[in-house]
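Presented sequentially are two complexes of chain A, the first with chain B as partner and the second with chain C.
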Partner chain A sequence: MKVKVIVTLKKSVLDPQGTVIKQALNGMGYNNVKDVRQGKFFEINIDEKDQKSAEEKTEEMCKKLLTNLVIEDYKIIETQ
Partner chain B sequence: MNSSVITFPGSNCDRDMDVALKKFGFKNNMVWHNDVELPKSDLVVLPGGFSYGDYLRCGSMASKSKIMQSVINFANSGGLLMGICNGFQILTETELLPGVLLRNKKAEFICKNVFVKINNNENNYFKNIKKKTLELHIAHNEGNYFCSNEQMNEIETNNQIALFYCDENGETNESSNPNGASKNIAGIFNKKKNILGMMPHPERMIDKSLSGDDGSIFFNNLLNNFK
Partner chain C sequence: MKVKVIVTLKKSVLDPQGTVIKQALNGMGYNNVKDVRQGKFFEINIDEKDQKSAEEKTEEMCKKLLTNLVIEDYKIIETQ
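Now for the complex of A and B:
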């Protein structure tokens, strides 16, 4: 199965990269861009037949390696 | 005294640390990340660099290296474990130290000398250092210390802040904060104070003619505290 996960910085955490990207977009003329937050996207191909167990394994991987829960949140957005 | 420096793929301060430890009298072993057992050690050092190319998050991949289980066991049994720069990031990723090192506030790599104020002398790392501030070197992109409010309360209650960024006179303020770190934190301990993580590099300040000598104070003191 293929599991898609996005990882985002928690709202309370400063995102200097997002700020720089926002400034660049403003500089390019996109003056209505007020805020940018940068995140990560993972597409995990896992040898599981069952959706539930694929998602459970992915959650485990998110907690153990893919995210640092002090600063990031994860969300499984699609499993197919 | 026996020390071990762990080399990860992408470590680049491991040799500097080896030179520094030997200069001040440690018998040092270099240990490869894929090894399973640590040699007999009184001190283990996770050096600076860019382990695993800083992929995913700085220190995250190294924290899962084979050798790390032995390192964690060593620290949990009270051994002295020190992480410098990338080593500090690895220590937070293993959760041996609380918090995380974020991208520098101004989104730029910083490479310069800074002053740090010693906040806690009641430990093997800083006990008997008379100087209040040390001039050390920093070189990092992710040194902006951050933790949750609960973690900060715990850190402060247990006196776990080791070093603050400060100016030449020991003043801790926004202008002496190079990277946006919470409360100017440059280094922290675990609760038991046997684990130290710090962004500055003492191993780069061991030669008066090349850089400075405040790293020598640190290493000399560290060795003496073992005796």
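Now for the complex of A and C:
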């Protein structure tokens, strides 16, 4: 199964990279862009038949490796 | 409106970063992880009332700044 995960900075954490992208977009004339937040995306191809256990394994991996839980959140957006 | 975009490497482009994550996961005992691809995620807060025009503007921004179309694809996954 393929599990798609998004890792984003927590709302309370500053995102300087996103701010720079916002400024660049404003500078290009997109003045109605009010905020940009950047995050990471992972597509994990896992050899599991069962959707639930694939998602559980992915959550484990997120907690152990892919996410810094002090400043980041993860979210599984799709499993197929 | 908030538009969420995922930018991924095209299928034909090697993803060394993803490969390293896969190897790390295998080394941690997750042997059923067959492949990992990494990408970027953007959440763009755009001052538009209309969903269609917010998405059109976002597509434009993706083409002009956020995506390197030679090696990457973008996808709008959610607008709210």
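Following the convention adopted for this analysis, the second predicted complex is superposed on the first by the 80 of 80 C-alpha atoms of A that agree within 3 Å, B and C clash if a C-alpha of one lies under 4 Å from a C-alpha of the other, contacts with A are read in each partner's own complex, and residues count from 1 in each chain.
Operating definition for what follows: a contact is a pair of C-beta atoms (placed from the backbone, for glycine too) under 8 Å apart; a residue touches a chain by one contact, two chains touch by 3 or more.
Only a predicted model underlies this, so the values are computations on that prediction, with no experimental measurement involved.
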| item | value |
| --- | --- |
| Touched partner set for A:8, first chain B, second chain C, both or neither | second |
| Touching partner for A:41 - first (chain B), second (chain C), both, neither | second |
| First, second, both or neither for A:16, with chain B first and chain C second | first |
| Contacts of A:52 with chain B and chain C, given as first, second, both or neither | neither |
| Which of chain B and chain C A:65 touches, first, second, both or neither | both |
| On chain A, positions contacted by chain B and by chain C | 65-66 |
| Complex contacts: residues of chain B adjacent to chain A | 56-57, 60, 64, 93, 98-100, 102-107, 144, 146-148, 151, 180 |
| Residue numbers on chain C that touch chain A, as the complex places them | 6-8, 18, 21, 24-25, 28, 30, 32-48, 57, 61, 64-66, 77 |
| Chain A residues within the chain B interface of the complex | 13-17, 19-20, 65-66, 68, 70-71 |
